[in-house]
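We just call them A, B, C and D in the order they show up, numbering each chain from 1.
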Amino acid sequence: MGSFQVRTDLALEARESISEADSELHGVSVEEYYREKEDVRVTKVSIDTKNGAKAMGKPMGIYVTMEAPAMAESDEDYHREISKCIAEELLALIPESDREQNVMVVGLGNREVTADALGPQTVDNLFITRHIVKEYGKAAYNCSKMNLLSALEPGVMARTGMETSEIVKGVVKETEPDILIVVDALAARSTKRLNRTIQITNTGIQPGSGVGNHRNALTQQSLGIPVIAIGIPTVVDSATIVMDALEKLLEEEKGLDAVKLMSRQRPPFPELNNMYMTGKDIDAVIKRISFTVSEGINIAMEMRME
Amino acid sequence: MGSFQVRTDLALEARESISEADSELHGVSVEEYYREKEDVRVTKVSIDTKNGAKAMGKPMGIYVTMEAPAMAESDEDYHREISKCIAEELLALIPESDREQNVMVVGLGNREVTADALGPQTVDNLFITRHIVKEYGKAAYNCSKMNLLSALEPGVMARTGMETSEIVKGVVKETEPDILIVVDALAARSTKRLNRTIQITNTGIQPGSGVGNHRNALTQQSLGIPVIAIGIPTVVDSATIVMDALEKLLEEEKGLDAVKLMSRQRPPFPELNNMYMTGKDIDAVIKRISFTVSEGINIAMEMRME
Amino acid sequence: MGSFQVRTDLALEARESISEADSELHGVSVEEYYREKEDVRVTKVSIDTKNGAKAMGKPMGIYVTMEAPAMAESDEDYHREISKCIAEELLALIPESDREQNVMVVGLGNREVTADALGPQTVDNLFITRHIVKEYGKAAYNCSKMNLLSALEPGVMARTGMETSEIVKGVVKETEPDILIVVDALAARSTKRLNRTIQITNTGIQPGSGVGNHRNALTQQSLGIPVIAIGIPTVVDSATIVMDALEKLLEEEKGLDAVKLMSRQRPPFPELNNMYMTGKDIDAVIKRISFTVSEGINIAMEMRME
Amino acid sequence: MGSFQVRTDLALEARESISEADSELHGVSVEEYYREKEDVRVTKVSIDTKNGAKAMGKPMGIYVTMEAPAMAESDEDYHREISKCIAEELLALIPESDREQNVMVVGLGNREVTADALGPQTVDNLFITRHIVKEYGKAAYNCSKMNLLSALEPGVMARTGMETSEIVKGVVKETEPDILIVVDALAARSTKRLNRTIQITNTGIQPGSGVGNHRNALTQQSLGIPVIAIGIPTVVDSATIVMDALEKLLEEEKGLDAVKLMSRQRPPFPELNNMYMTGKDIDAVIKRISFTVSEGINIAMEMRME
């Protein structure tokens, strides 16, 4: 890709931008399978070495990407299927445990900005149990085992004056969950992945990624418990769009190289900083997919108990 | 501009894309002045002939554009000044009348999508008087003259199943206002105009313009009363961004013409359809500028009475 | 009830306050049945004469009341059953027709006040089809018959400066629906009916009823088409609460009559004017029951077509 | 008051229910003054002994109550005056300090329930500075001293699964503010105090008070830093209303005692549990008074610096 860094939060897209030979060399392995029933293509990218992490621009860990083309549509039954997929892939990344788990979900992002509201809206639909079990015991749900689910919407720094990581760290220390699930809106490189791709990773959240960049690291290293991040791209970076269009336009022109052209600009397109691109029906789409994610988490909480 | 149509809702930008000689020829006149106190540059574009309308791609009428660079910032005093400017320019476009006026404000757009919520949020802060005066008379406000202000938020077609124009037409016929003021978010060609430019025009709203295209015509012709439209660009069209970037990149390359390149794509960039680009702090910005517009209308209502 | 008028929007409660002999005499007939499967008690009060209307303090027509004790709870399956009941009872009140119907739903009330948001929130979840069928024909839904559904959220007078009836009348004249369904939050006399009772009536909406009194009449007489009103009590009038408590307290005291005591106050409890009483979990309850009502309407639209 | 406990969050009202002689005896002192300019009556109740705390049913500390009859109205200038009063009274309760203060505001309550949204809406309008000063230094505001303001909206337990006190404790430990200001909606005994009275106290928040009871203690003892609570009554308890009405009704009846009547019910009016009473224009009122409180805090932050 040369000196022009195209931004993507998806390991899948980062992987596409380096050659296969290169990736094997660097300890990046890729596994793919197709869930026919749900028309979902799953790609599991494992970054196993520091070299791989460097080549990919992403920390070591496992990145599961589910591509569900119909997810932007409003078919309720289909969304239920996707929720089940999410539940299964999520559980596969959560360390096994015999005992009940105390799980906290953190909904990152800004509720007031539609494209950034995936996290907060996911929190709205969770089946929260921690306070009930704490108060009345598992008997309240007529069961002998019951995971505890709590949720936090930390808000954005401009509103709180605090880093998201400060808020989350404090609350984690105080309430001692076993596992953290972080939900956030992502940026993709390709418009065709918008609202159609779910990334689940055990690497947590790193500074500088996400729609609004509203946090420092939320990782196992920083918090002391496993951190699973669920992300869906809801925006495309403006510079990315320009790059894509340019490449397409210049395909047939000889002697021109989009990357070379772009990299002449330093920084590239300053007027595009702090801008993003998103779809016009984004409000309905976010409402639907946040519900699908929250149902995925709800189902996972129950499955673990069976 | 050749065969590639760059979309803008601003007459100011449409004017920039044709040569001065051309515009005079076609009956388009331009008047400019600078309001030093408020650091606002006002440009008044008058399209006086059908030829001019065709050349500009905009209907005949007067388009006042106020460029207020600091409007995207949060200085409260400055916003008060801008509100006064809006009030003055608005009144200049409203036909004189000896008697009190019954004015209806229509807030177009989708409250749920931040970049499209300018209209609905403007309605939130208006000083509504019609129902009070109807019920208790002008005495309720201790004054001998009192304009009646009412407001409507028609909502978007996906939610109502009706064209905005159907709803507005029906309510106008029933409540018989003298003047309609329509507030809407616009699309601009240049990112530097985003949230910094106010367009006030006596041509009303035409199909196909605006962020969400949520209506048919709202014009004096269709409604039978003067229709003033107040618009602020909150988004930039994606294709526009690509075009701008391309032009910049290719400036130094010989033998390449961005427009020619773009127009080879038919339609240009299908994947950019139904997408728009906006700023990351759009929620705070919309909150501020919608308040500024509503205050402008509130002040205009009072000024007319003095 | 003597000279102290206890306010209720429920015909069921108005009926309880007059003796059986009286009601028969006056042309008020009552039919009751129990839907065992859904644990719903249905009471159909028919007011057939002007005398009856006077005795009941309600206009002539049919009032179907569904008492669903579990409706305030969050059982999803149960709510689906209630939605079906609503659909059936709703259709029973809509005049038969061979051809497709153009139905408009009006969501009355104030979205910003939780207890008054039943109407607006119901509109949020409707399956709106009118604009699609108008644009693409029934083929868009792969069917040979398709009702048209549109929806309007007129807002409250303090925000619009217009009577709700003015807005609705205007839009009805312009878009010419065959049937109007009006959804509104009601006031009940008894706290035990709160959020557990659904009233469906073919008398439309009369001035002076409802939580916020935000309208004049919306009736077949005023609009020229059948008007079905769906209402759920979400608040209890403050004076009612006092009256109820007083009666209970004084039951055992001899020589005291609550009504007599209350009626000495003229007007009774001025400090309670413009106040209402509601439950603390009202936000979650309104979200649930508005969804149940919107699903009821959605199902009714489909059933008619089968 | 006998055995029937009338609930109030206002020390002023608790004080009214015990005799003057009693209160002096118990170490409760009262100081009153009238701010003529703003038409605000200020009452300062100091509970200095454990006996006093027991008699009053409130913890030891200082309770400043500002009665501002016009606060429920929409006069903007008046609200600015009230904000200044709040700032002054607030500062009087904050321990003096030479150095800049790191202040955190916690907005308690449920944003989704209008009457309970005072805290969250207050947070919306604060001038948050902590993150700016941390990143860019005081120079960012062109001043040599600058208090740091941060804010937290912890949400309600049903949504988070956590006690508010757990969340606040965790964040306080992590971000180490010097002072905590907690804003919450209160319950009053008298409808005439609704939205017209502001209580500022250095006792923090105790379990069991407030509209939604959404927390355990937030006090200097539990958090280790001074906790100032700002509260405004937005609801009246239902049982209180009944009690008030009853007393009024029975005033002239001999041989009847409202308290005796009420206390026969055990528990009194079970159907009123979890219900509250509030005004019909509550949404507009909360919007206004939350802005007034946030401005009060903003002004206090600046004043300390002068």
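Quick note on the criterion: contacts are C-beta pairs under 8 Å (C-beta built on N, C-alpha and C of every residue); 3 or more make two chains touch, one makes a residue touch a chain.
These numbers were taken from a predicted model, which means no experiment stands behind them.
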{"item": "Touching both subunit B and subunit C (chains)", "value": "none"}
{"item": "Between subunit D and subunit A, distance of the C-alpha-averaged centres to the nearest whole Å", "value": "40"}
{"item": "Gap in Å, rounded to a whole number, between the CA centres of subunit D and subunit C", "value": "37"}
{"item": "Distance between the centres, which are taken as Cα means, of subunit C and subunit A, whole angstrom", "value": "43"}
{"item": "Per-residue overlap in subunit B, given as positions that touch at least 2 other chains", "value": "158"}
{"item": "Pairwise touch network: line, ring, star, complete, or other", "value": "ring"}
{"item": "Parts of subunit A lying in touch with subunit B, wherever the complex brings them together", "value": "110, 112-114, 158, 191-192, 211-212, 236, 238, 241-242, 245-246, 248-250, 253, 256, 261-262, 264-265, 269, 271-272, 274-284"}
{"item": "In the complex, subunit A residues that touch subunit D", "value": "123-124, 128-132, 148-153, 155, 157-163, 166-167, 169-175"}
